[in-house]
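Across the two complexes that follow, subunit A remains constant while its partner is subunit B and subsequently subunit C.
Presenting the complex of A and B:
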């Protein structure tokens, strides 16, 4: 538990103290390095640009909470926020359902081509986005889905599908076969098995993919910037970028807009940090 | 045997408790069931990933201006060979993708070791160090543009406070430092991810080995070098490959912070494709398709080669 237990006892008291102090300094410095920029941003979001220009590092006094109201109402961040919400919620719901169904079939049933389908779906994780980006732009234009939230949602579903299938397949494959045998004995059909056994038992893994997909899509920039040009349809990342392009000097307002975009992610992290970290590590630990 | 019984189960799925001798292989399902489960995913994959990818490869043989397309054969690829900007972009991306992952993974490993050593408040530190991973590239880019700001950014203010005015510069505006500045920013975002993966892997190590090292009075340095790192090898290499893939695709951060400038110093393949396809007034989607096709091949080949190289060495068994 404590550091004392893991340190070699042979060291002298002086070396022990010195190494502990060095470790503490490094840890404090790195924490300042990761959290410092974020706290700086938070202070600037409740200060006016005039105050910031006078001193970029002062503590907010008074707290200008109206900055958020101005950003939300006058600077269109409400529009961006709701566009992001619609697209991301719809895409995450769709990709989870579609991905879970495919993952279940791949994890549970033996059939010819099972591993090939899995391999093909999974391998697209490494594709550089440009290989689909240019054509997706043309395809969406052809089908009248360019510059529409529906088109962006469909593209987002396809972007997150490989990861979703990969994570859920790994989990579903570990559900004991006995459960399925028993369910078949009780006369459950295949769809019922999926709905009443796989989904409830797989809920922890499904929750993990939900959060992971939510955060990745909430932050997505490249496809949004190519597929959306109408200011009324911008999602938060491209909305912030566009606002910054027009008001480069308005640091206080940019900071307030950035905070609006960060809050949902931070909330998701506060409530589900364990699940999120597990999801992100699942793919890398082998 | 299994084939025929599978059909029977499908024909009467609601029949209660089939006789013992007739229990089918429950791991088989009719084609109808498989289609119901797999079709949506396959349709999405084929329509929005496979078809666009093939179309991009096909398009690279054309010049496409609006709805007009004319076949040019391999001319786009010939032009690419002579395109200096492309080669600068390739060089920058390679530097980033091969070198920077070492920075990410090493930082992540050291942070994980600090947490593993049982520092107080380790839960808080883990959460704090992981936070940058969650921020979008747009947010990270804006934050770091401010940090690198010439007049009031943290870096230059710090240097001035330390009396090192001579070292202050426009970090993103100077071709000599711009790429390094972006690499540091990217590492800032991703170190926490490497940390949690390393930590999970360390906790998964067999405790007997670590306890044995402690009984042998093995110091931290030796333990790290002779026990922990060799045993974590597969994880560390995996992280390297993941970071490599991520950096071969890097776009958002560069696009927002420098736009590829100054003087192409931070141009990456992704930003160059984007510029040629959607940003410059060249109005040709064929040429950027050729770049995307080449890069697709390079990324796939690099991942295969890296996996081969890393897997060919014997894995440590434990």
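Presenting the complex of A and C:
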């Protein structure tokens, strides 16, 4: 077969190229639109606030790499980074495990109240999480968890769990029942089936919720600023806020802080996106 | 090696829900290939799933080798099942799929390796051991599903319409492969299908189901030639058996404008109570001929009707005829048959090829002899 045989007919080839070119232009424009602010932020992170004030869009000259050292060491970003890592990793891990197990139970087992639980979970997604702030504050105070990383972690788990269960339940419900039956016939019990069948097959959905939860919690500000008061327990978003005074904002340092905080998000996305999502369920059943 | 016994097995969904399996009483012998055959919704798959432990049994007893299995979880029954959808684990390679059940049973890794390679070699899967299911064709996937059951060396194999997703040619090959494997393994196998050809060619016995009940159990040819009722008579055979509701006249004959035959296979004592009323007369399509000579009997039965369809199939020709009473019947005739639509024809048959059924109960009227004229008609009903 010649190479041409795989191409569209000659008459349609011009149209095909035109549509591909148009698509490329749109994608390039969108990339510039989304990447532009990030690049601007990156240039500001290696410029001083004075330089930025003089010319907002100038190329860094010289590159003030020391701003990252100042942020990391002198402004305690290492502590904030560590606090954020502990809280977010623990919360995301708990949300993923509990959420996946709950979603599997709701998707697979028929039991009384199944849809009621699902309805309650779904209704909690509808309301803005901010309305729970005062009650959560009071609960944490009552249980001695206010101003603690554990308390913030638990709050984060409660905030992200409903959406996680909702997303995973939808995906797990589409896993063919025959796979569960086959695993039962192969001698596996419910927990083993969850671990060996549901989790690997559900990995695309789990990876999606993992990335979403990680990004959302890594950038979470409101609950952290209300529920944490000690400077040594601050998370990164609150730490960045420290560069903002009432009368002066250290734009250069804020940009450096944001650049530090954005690295794990990019790493999480790069790590979890393609490898885990590709073709996990194709061929499961006919 | 196992004997599977179903005693008055019932399945009901919900407390007041419909009964989908009703008092099923069947014993599957050691090494037997039992086919559960019936139309969609007849309860055959539910019965199979109850044997597997994937459905609870509402009432009745399931035992394997004398041990009651009703409350034994599926994973502990030592049964392997091949699913219609293949149900291969998509995140595992072919080798991992084959070994998955063995690993659970803590089989030594050398033994796992040996059994996987043995099954793969037998099923021609060696080149695909490292592939994931999505990289396989339908036939290859089905062979992996079969291999996954085989490596376990279970007491009982269950098959839930395993060939229905394959194309016609592949279905024949896989069917032969399954027959071969049954001869090799000599294991107890229970196979669910709605395809009568699969049932007839594969089963050592078949269990025809209808509306959740067992309609008849027996060797395939016995069931074919001695159907217990009109449902079995029509379900086995393509085209289905021709049935005519006709009066009995003269005590031992049927004589109407369209149909005429002597009832030679039934005793006067059996026919006497029927003489006042009607019976259902059955004749298989292959027993109908366009001449007395071809029918092979001087006193041939006769059906007269108008041809409304001629279907030349190459190897044979199907003739669809409508009798005067409006009943349609089909004859399977030689390929060189010449008949025109609209033509009135006489179709002849040997009187001893006729079947008789009670029109109220639909049950077969007990005959003195087996339907004659075919060597395959010998044999006993089980």
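Convention: the second predicted complex is superposed on the first by the 222 of 286 C-alpha atoms of A that agree within 3 Å, B and C clash if a C-alpha of one lies under 4 Å from a C-alpha of the other, contacts with A are read in each partner's own complex, and residues count from 1 in each chain.
Note that in this section a residue touches a chain if its C-beta (ideal position, glycine included) is under 8 Å from a C-beta of that chain, and two chains touch if they have at least 3 such contacts.
On a predicted model such as this, the values are computed, not experimentally measured, just so you know.
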Contacts of A:72 with subunit B and subunit C, given as first, second, both or neither: neither
Partner chain(s) touched by A:200 [first = subunit B, second = subunit C, both, neither]: second
First (subunit B), second (subunit C), both or neither touched by A:240: first
Touching partner for A:37 - first (subunit B), second (subunit C), both, neither: first
Which partner, subunit B or subunit C, touches more subunit A residues: B
First (subunit B), second (subunit C), both or neither touched by A:226: first
Contacts of A:176 with subunit B and subunit C, given as first, second, both or neither: second
Touched partner set for A:122, first subunit B, second subunit C, both or neither: neither
Subunit B/subunit C common contact set on subunit A: 181, 184-189, 280-281, 283-286
Residues of subunit A defined as touching subunit B within the complex: 1-3, 5-8, 10, 23-24, 26-27, 30-31, 33-38, 40-41, 56-57, 97-99, 101-102, 104-106, 108-111, 117, 120-121, 124, 126-139, 154-155, 157-158, 161, 165, 177, 180-181, 184-191, 194, 215, 218-222, 226, 237-238, 240-241, 244, 251, 254, 258, 261-262, 265-266, 269, 273, 276-277, 280-281, 283-286
List of subunit C residues in touch with subunit A within their complex: 49, 52-54, 73-76, 79-81, 83-91, 100-101, 104-105, 132-136, 138, 141, 148, 152, 165
Residue numbers on subunit B that touch subunit A, as the complex places them: 9, 13-18, 23, 25-29, 33-34, 36-38, 40-42, 44-45, 47-49, 51-53, 55-57, 59, 111, 114, 117-120, 125, 127-139, 142-144, 146-147, 152, 154, 157, 188, 192-193, 196-197, 200-201, 204, 214, 217-220, 234-235, 238-239, 242, 245, 248-249, 251-252, 256, 269-270, 273-274, 277-278, 285, 288-289, 291-293, 295-296, 299-300, 303
Residues of subunit A that touch subunit C when the two form their complex: 176, 178-179, 181-189, 192, 197, 200-201, 203, 279-286
